[in-house]
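A, B, C and D label the chains in the order they appear, each numbered from 1.
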Amino acid sequence: MKKLINTAESMVTDALAGMAAAHPGLRVDAGNRVVYRRSAPERGKVGLVSGGGSGHEPLHGGFVGYGMLDAACPGEVFTSPVPDQVIEATKGVDGGAGVLHIVKNYTGDVLNFEMAAELCAEERLEVATVLVNDDVAVKDSLYTAGRRGTGATVFVEKIAGALAEAGASLAEVAKVGEEVNARSRSFGVALTSCTVPAAGKPTFELEESEIELGIGIHGEPGRTRAPAAPARDLARAAVDALHDDMPLSGDTLVMVNGMGGTPLIELYVVYAEVAARLREKGATPARSLVGNYITSLDMQGFSVTVCRLTDELTRLWDAPVETPALRWGR
Amino acid sequence: MKKLINTAESMVTDALAGMAAAHPGLRVDAGNRVVYRRSAPERGKVGLVSGGGSGHEPLHGGFVGYGMLDAACPGEVFTSPVPDQVIEATKGVDGGAGVLHIVKNYTGDVLNFEMAAELCAEERLEVATVLVNDDVAVKDSLYTAGRRGTGATVFVEKIAGALAEAGASLAEVAKVGEEVNARSRSFGVALTSCTVPAAGKPTFELEESEIELGIGIHGEPGRTRAPAAPARDLARAAVDALHDDMPLSGDTLVMVNGMGGTPLIELYVVYAEVAARLREKGATPARSLVGNYITSLDMQGFSVTVCRLTDELTRLWDAPVETPALRWGR
Amino acid sequence: MDAAFFTAWIDEIARAVTAGRERLTRLDAAIGDADHGANLDRGFTAVREALAAKPPATPGAVLTLAGTTLIRKVGGASGPLYGTALRQMGAALGSAPEVTAGELAAALEAGVAGVRKLGGAEEGDKTMVDALAPAARALTAAVAGGLKDGEALAAARAAAEEGARTAVPLQARKGRASYLGERSAGHEDPGAASTVLILTALHTTATR
Amino acid sequence: MDAAFFTAWIDEIARAVTAGRERLTRLDAAIGDADHGANLDRGFTAVREALAAKPPATPGAVLTLAGTTLIRKVGGASGPLYGTALRQMGAALGSAPEVTAGELAAALEAGVAGVRKLGGAEEGDKTMVDALAPAARALTAAVAGGLKDGEALAAARAAAEEGARTAVPLQARKGRASYLGERSAGHEDPGAASTVLILTALHTTATR
């Protein structure tokens, strides 16, 4: 394993130091491991806190800033943050209008955020939670821990953040977050495994001619292993999986996301196929993101996330945002 | 080799289709292989054209838009564009104030842009050229083709683009481009090779414990092979190489650039060390970019580019820009 | 069994987890996200430090501090779950300076109940519960059957081992491994494996 | 040698380049950027198509169209350089419907001069010039010495081979390989290798 790190143990702390140095709009509390927007807490504004394991950058720290998150809590690599971090962040962004927790649906994330929310409630902090669970590769049934939260997290953070910025109440901000989640679906494909620094070797092994379909964002093996195929076939398989789960039509917000080790040129190849397939299904790719937004360390592969837009959601998506990884309108 | 492509031959065309679909602010002439900003040509504004081999995305197409390039000419992977593309782009962005060619110093790029510029001159198009050659790993001597153009290209395109947007003349825009180049230096490190799709296998092989120092952006082997080392040592080696070549002091613009396959979390680890080392050298990292800006397909590694700022250059760097890969102020 | 005994148990867990770190990570790589070894190693190292910094006076206080520390330092699924297990055990033991094997058995049952309640997993879902629950049952039964401490803890350990083994062919229905569906069958659950380490450490500590 | 002969030469180059594509790429991977095989394959395939679409009537026109097509389709260093070489050869041959080996030798010298001028490389810089220049010299000498066409072209081919071989131990001073400094020594230059293919194709075409 070769990585640009000092030690596996210090990786998250070292990267936080880099974020602090690179982004004057952020304030990084290295001791408590919380990334704040410099202006937090904002009086009268609903605070947005998210967090999760590290290794998914720019998620979540890269989405802290005007129009999106107020704070992010990075855990160790692929390990959800601990309740202390979330409590600290929640207090730090509370401007009197309550705080929204945006949580990806994984047992660890759910448990740690739940514990934090309970303790915040004891201290009379108003907290609401949006649980993101958009990954169609996992069936939401008695036989699973429910669907995983993946790409839709970016959409939820952006759109809920825009509504919070506009002065909406905690209930309203939570509601739009849930709406975005309900209208979004994701599907991921891996060409290679990733290597967790503390583990020191790839999480799984794939042959030269094999890929994993239906992967998440933690290097976990997918639902099925399949022969490698042209980008067109993979893009179609992804869009079809989304469409089978939630028929797509009308204006959509589409993200073709790289898993961390995939060159941008390949993501554009995939996007062309995804957009074409969406049109075949009767949907319009009205807004898009192509790039690395929610990654899995150095994994090669991509995920497709589609959100069925409404006029209101489009307006909130288009609203100004100023974060390290997503910026427009200011 | 596993890649998200349809065929190696169609990769560049397919990716251009994806760019066209993803970015309404661009107009892609697929037949001639030119990416224009939608508003080109802009009357009275100096037009900026760059280009080079593909595989360096977001360079150059991702830097087309307000405040930066007017057009980009992508060649085949790692192969400079042909003169026809450059001529077409030059004509397409000429708004009567002349056109600046921004060319990275490689024999192929220089020859093809030169041929294009000659033919443009025959058609009475006013063309000036800025040659970018910032890579300190290569000595500029009789015994080389001169220094390679790498990361400073991003700075030149941004800053010259801002001055052109402000209505400056071709001579002024060329001059600031040259100034940025003269004040910038780069150094790159590879942990792995990249794989050129048409070649089908990695360009070079590295052992688990080896890295290449002084690499360019085409997967070419570097100046020396060295044992793998902590991020701190690599960042120092890079900054020291820059400082040895051009003493660093005062405000600097710093880019820690990923080579395409490196996770963002690792780039932040490197940035923390680079910023610390710059301060030790007496320089201030006043502005920064951390991410994938000028890549080498799926190579893992990073490069550091530093530009010694002046007040004027800082102002131009801060000026609004609206391109797929760099956006602020609008 | 006094505070020193429980502190020694934690020390032994920490040692075993460090030694078994790679194996736990390997098991988690197969059906999870390859961090279980690092998580527990980080967690129990922190617990050991916390206990050394401020040695608690009672068994209950040792386990409560251990549980709280895990919750504060580990994250992921196993942090809150093992943390809750130890905190529930600590609460069950109260402030008694010494506890019997019977009291320990009751505390372990309370710990299992805490994990069940928090994580919602039943036996057969292929989680740590598949090792924890039989271990608690075996300890209770052994004590009721009049076995000596060492033998009772050996029975608990054996039951944990057997539980972890029995879960191997099962398909996971909780935690990350559930995402794999049928592909989770045939692999040992990392949490069940770490529970075996923890029960083994208990037996080792008692028979040393 | 008429237009058909030169068209056949181009066909033979295209065939050889497609067959040798992997080798050229491998040589370029060692001291360059691994695209020389793909570049020339794309280029000469395009040239063959251009010639088929509008067959030129004279040797000069064949080579001029071939050179222009390379410049328009290849990119990189080799596109303009080989394109210029062929265009200069075409210009030197003028509009004659048939050309002698002597005229071809003079044209080849003109082509080499064009490459030299455009790229600024001298012999010994470890580029295509190291194979091209001796080949042109050998052809000129062989014709002057009265050798038959086939023998003269065999001499040119041998000189190209010898030139490429001689350049192996050298350190590159032009093109991408120069960035490697001393590490470029010991490798065969891809452009010199493709020049050998081109000269071999000429000999093959003449002796078929």
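Rule of thumb we're sticking to: contacts are C-beta pairs under 8 Å (C-beta built on N, C-alpha and C of every residue); 3 or more make two chains touch, one makes a residue touch a chain.
Keep in mind it's a predicted model, so treat the numbers as computed, not measured.
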For chain A paired with chain C, centre-to-centre distance based on mean C-alpha positions, whole Å: 32
Rounded Å distance, chain A centre to chain D centre (Cα mean): 54
Centroid spacing, where centroids are CA-atom means, of chain C and chain D in whole angstrom: 74
For chain C, residues contacting two or more additional chains: none
Residues within chain A bordering two or more other chains: none
Pairwise touch network: line, ring, star, complete, or other: line
Interchain contacts, given as pairs of chains that touch: A-B, A-C, B-D
Touching residues (chain side chain C, partner chain A) in the complex: 25, 29-35, 37-39, 42, 71-81, 118-119, 171, 173-176, 178-181, 183
Residues of chain B that touch chain D when the two form their complex: 8, 53, 75-84, 106-108, 111-112, 115, 137-138, 142-145, 148, 196, 198-199, 203-204, 216, 218-221, 223
Chain B partner contacts - residues on chain A that touch it in the complex: 1-7, 11-12, 14-22, 54-55, 57-58, 62, 191-192, 208-209, 211, 228, 230-232, 234, 260-273, 275-276, 285, 288, 290, 292, 295, 297-298, 300-302, 322, 327-330
